[in-house]
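In structure tokens below, several structures.
Here chain A shows up in two complexes: once beside chain B, once beside chain C.
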Partner chain A sequence: MEQSERIASFPHMGNYHVVVKALIKRILNMKVMTPPPITKRTIELGAKHSPEAVCVPFKYNLGNYIESLEKGADILFQAGGGCRFGYYGEVQEQILRDLGYEFEFLSFDASAGSSIIQIYKAFKNLNPEITISKFMQSFLLTMKMLKCMDEVEEYIRKNIGFEAQKGSFEKMQKSFLNELEKVKSLREIKEIHRKYKEKFEKIEIVKPDKPIRVGIVGELYVLMEPFSNYFIEKELAAYGMEVHRFITASHLLTKRKKHNERLAKEASKYIKYHIGADGTETVEKSKMLAEEKFDGLIHVKPFGCMPEVNAMPMLQRISSDYKIPVLYFSFDSQTSETGIKTRLEAFHDMLTMKRGEKK
Partner chain B sequence: MKIGIPRGFLYFKYKYFWETFLKELDCEIVLSPMTNKAILKEGIDNSIDESCLSAKVYMGHVKWLVGKCDYILMPRIDSFGKCDKVCTKFNAMYDIVRNTYEGVELLDYNIDCVKGCTEFKAFMRMGKLLKKSKMQTYRAYKRAKEVNKEKKTKIAEEQEKLVQESDSLKILIVAHPYNIYDKLIGEPIVKYVEKLDVLPIYADVTSTKKTRIKYKELSSSLYWTYNKELIGAIEHYKNKVDGIMFVTAFPCGPDSMVNEICLRRIKNIPMINIVLDELQGEAGLHTRIESFIDIIREKKKVVKK
Partner chain C sequence: MKGQEIKVRAVGTTGSARKLIGTILKAQVVKNEITAHAIGTLSKYPDTRTIFEIGGQDSKIILIENGIVVDYAMNTLCAAGTGSFLSSQAKRLGIEVERFGDWALKSKTPVKIAARCTVFAESDLVHKAQIGHKKEDIVAGLCTAVVTNYLNNVGKGKTIKAPIIFQGGVSKNIGVIKAYEETIGEPVHVDEHSHLMGALGAAILAKTSGKEQDFIFDIEEINFETRGRECTFCANNCEIICVHKDNELIDSWGNKCDKGAS
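What follows is the complex of A and B.
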């Protein structure tokens, strides 16, 4: 088959498809398909064909793959690294083959030593015309796009709960992502960043002097894919709370990297060692937020997620040492949405009451 | 000096090693008893609900040892090499215990070969903590290695012999040692299998020299060392046994995926996947095992005809 007729696809995570699509398009001379937006069907499909006890990001990914394959994709990408994530690729590929699909599967497991050079080689196989300088250029561009997107979204997260006119942030966000998708140079990214920073700051917000601040910590996928966390950030904002989170793609790719030992040191009162995947940072950030006198913490994880379960005894201690309430959520493919809402409401009421008592 | 060893988790892998090492250093060993209902209950009460059953059992054993010894031995393991890792539970158990049982005295050692923390360094450091001389520690370590190797080789050889000589029905049990040898969780299953006149063969006692290469034939990107050893044994034994029984704790991260790969890729041999949780009813389990064995017997009859 002609290279240019092939269609590449990849799993969803938040709005990052904008960036991933641009990257693949730039490097490979082929069509790129963003998987259909995640719906109930996506997760049902994913869960149906997944091992039952596997963590839920696996099920979402699988659902995305199936929906992309149905629409004609024939090259699938998977990242990976650490914990169970590094092994996702092999199992997912097997399941999809058993379902009878034909496709090529490319999996990059960072912990198994997929260095940037190896990634380059794999891409070079698919597109012999790519040069190392073009590849590195695209890579750099991608990182900048990520950074721009994460910064803009952080502003949104902190302020969307206070918008004067409902829906203004979301509308602006859409047009921002649309423009970001089309950027071709670092200069353009800079421009868009500047332009939208201004635009977002101009959106009218009505914010109390000291809004209730909650930090959201936990496992990366359910933190970053709103569908999987039942749009928890949106719910929190709807109560007029300021939401802070640190885990973003650019944070994971640049700041975090190999610094788990350092993070453990920061939180040495609670941990001596790295406790797996995002768990160490969950403890470290929770301690930091508690010290910064946040009103509350929300811990999110997929059901049975080992590193985050590992972090919970430490969170419980932080909660009692600093008197900071922590709300724990486990998400699976069949979590009850009303249950989540009720617990969030109760949490909000409690934080509000606690504020009152202090005065 | 009294050192407590919880009878759970890696004890079942390293018991000869640990016991020899500590004895050579003139330490007295306090071993927690076999798992019983009370220990399990303590473990459940002191664990996060979503922890795997094996971790809950372990927490129960640690609790039993609190106050009965000077230190409790607690390994922390991350990696044995670049693509040789362990379940993240073993990254964190030391810190989980420390945060759950406040003030508990632990004797920890850390293995993370990717970062240069080798087993040898870890044990030398432990000797220092126990105020033993370098020479004595070094000798104890060497001796422990020897004894461990002797014992393991012997057990593996005995099993090989049994497989060749016995003509009863044979089932390969693929399970982490801490699950299958646990008095309360795994042992009843083995006992039941034996009652049905079936010879259990253990995946974990196969020589690791063999298994650590052979696993690749089943799964190429696997990086959990302990799971590599288990599925490597499947490759080693698959033509010598009549069926395969996977026994795993709920919810187990690595097993949930590795067993899936096995169930999908292994053909022509009956397999059963048993997941154990704390609410397990015995009756249902027995029926499942019984009908699994029946199917194998039927199949054998047909083949013989």
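What follows is the complex of A and C.
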């Protein structure tokens, strides 16, 4: 039986709403609302009620909350951490209360020590019927769903720019997400994963032997929420380039404790200690991509993002050491889309001409 | 060229309005200004290593190795240190912007002006004028501020190598040229057509595109009109631009999905 009339909601990030919705539904046994898709209205609402200088993911999240609350949601979730993101929950909750909304707010910050047991207890408060085994089982299922989704999307990123028939990947992706949303067991996930891997590989692509490869690195939210980066991956692919990105939800969630120290060691020529949030990883991955002879790198961050600003001098050194061009973007709620397109087009021209010279 | 029979074989457009003008002129090539500038300059100066470009609202740096663009950057988020900033300050000081450079050269003791941001620079300038600095010293200070801003923002982390070509509207300003040379200690070359290098690049690209189409000079008589409207299919309210030629829709853009296409 569903708990009466409570509706849970959460902020958007890429297509992950499919997985988050399934998780909350399974554990809380209540109605879960995916916020309305991000539109200009979302970011306008968010920016209007946010501190002006806060980074743009905060504004998107807040916009999502407001649009969900308008539609009747009364339990909101926030998760994150690593940088000031970890304090977003508290501030957003206060702003929403000041606006007069009534709701329950649950914020988890893994980096500040929200252990899985604490998360369980918080959920248990909302749904006393949940057992630890059911909870752990749901958690495991979610991780597998994420992994499946991330692997499929990775294939899409690398190949969508070369599809023979325009739109075939997006169409397949829609039906994939629709099916993934309904899975109930690990076996079903495995089945869907296998099925769609095959289906995607069957889509006809016209790909040169050595396509131009671009790696996209930077802050996690603007990397993973296409609306916030002005659909940069889609733009890049449209020029006929292979897009590589390592930061995905499953990657971030399976990081081990020693992760950042190991990364700093890996890139020790450029970095001596951890520089906050994903900054260290940005440096390490950029070095790795440069060594793998990628054609170019694109670094994205929200305007004012400290960890990524920290990473930029190292990226500039990598760029000159390995002779790999890096294009930098700072996104905020009012970034000029034309400006982004101009830079991306020039980037593609440059990479193409560089290739031509080597031949 | 006057009186000569001129036949246009192909058209190329560049710059922020490249799409709109390209639609109107039925251009064969519509190219971003970074590529266009590089190609234009390289056609005249094949050994160029660095291009400085400062235009009306944006500025860029293009790094070249062996005649190939290897890196570039464009100013982001801020118009400090661009032509529009200089012309608004010239107006404030009561100087014609064309004579800005001459004024700067008169100065023996340029003042320091905060270059971080247009707003700061402007309050700094007002303050310096009020405490009694001479006009030419302020003008010279502004020229240096433009260069400092450029090198700190656009040129950040880039290795600048000679030969350096400086172009775009601001390159007509002798004060800024001098400030560049003093700051980086290398000669900065400015072509007599330095404000047209992007156009030259677009023309070369059009010429080499292999596409040709007769161009008729009747553009002036045709009525072109753009109409903006907001799509109402979803909350995104895409701003769609429709280009009409004699009341007939020839192109439109701005919609994020297919719903707005109708």
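Note that the second predicted complex is superposed on the first by the 352 of 359 C-alpha atoms of A that agree within 3 Å, B and C clash if a C-alpha of one lies under 4 Å from a C-alpha of the other, contacts with A are read in each partner's own complex, and residues count from 1 in each chain.
Keep this in mind: a contact is a pair of C-beta atoms (placed from the backbone, for glycine too) under 8 Å apart; a residue touches a chain by one contact, two chains touch by 3 or more.
Keep in mind that what you see is a predicted model, and the values were worked out from it rather than measured.
Participant: Name the contact category of A:Gly339: first (chain B only), second (chain C only), both, or neither.
Facilitator: The second partner, chain C, only.
Participant: Using the touch definition from the top, say if A:Phe303 reaches chain B (first), chain C (second), both or neither.
Facilitator: Both partners, chain B and chain C.
Participant: Which of the two partners, first being chain B and second being chain C, lies in contact with A:Asp349: first, second, both, or neither?
Facilitator: In the superposed model, A:Asp349 contacts chain C only, not chain B.
Participant: On the A-aligned overlay, A:Pro313 touches which partner chain: chain B = first, chain C = second, or both, or neither?
Facilitator: It touches chain B and chain C both.
Participant: Looking at A:Lys323 after the superposition, I want to know if it touches chain B, chain C, both of them or none. Which is it: first, second, both, neither?
Facilitator: Second partner only.
Participant: Taking the superposition as given, does A:Ser107 touch the first partner, chain B, the second, chain C, both, or neither?
Facilitator: In the superposition, A:Ser107 touches chain B alone.
Participant: Of chain B and chain C, which one contacts the greater number of residues in chain A?
Facilitator: B
Participant: Quick one: classify A:Tyr270 as touching chain B (first), chain C (second), both or neither.
Facilitator: first
Participant: Can you list the residues of chain A that touch chain B in one structure and chain C in the other?
Facilitator: On chain A, the residues that contact chain B in one structure and chain C in the other are 303, 312-313, 316, 330.
Participant: Using the touch definition from the top, list the residues of chain A that touch chain B in their complex.
Facilitator: So the residues of chain A touching chain B come out as 51-55, 58, 83-84, 86-91, 94-95, 98, 107, 109, 111-113, 261, 270-277, 279, 303-307, 309-314, 316-317, 330.
Participant: Report the residues of chain A in contact with chain C in the complex, numbered from low to high.
Facilitator: For chain A paired with chain C, touching residues are 36-37, 39-42, 303, 312-313, 316, 319-320, 323, 325-326, 328-330, 332, 335, 338-339, 341-343, 345-346, 349-350, 353-354, 357.
Participant: Write out the stretch or stretches of chain B touching chain A in their complex.
Facilitator: These residues of chain B touch chain A: 48, 50-52, 76, 78, 82-83, 85, 87-89, 91-92, 94-96, 98-100, 108, 110, 115, 219-224, 250-261, 264-265, 275.
Participant: Can you tell me which positions in chain C touch chain A when the two form their complex?
Facilitator: Touching chain A: residues 16, 31-35, 58, 66-74, 76-77, 156-157, 159, 234-238 of chain C.
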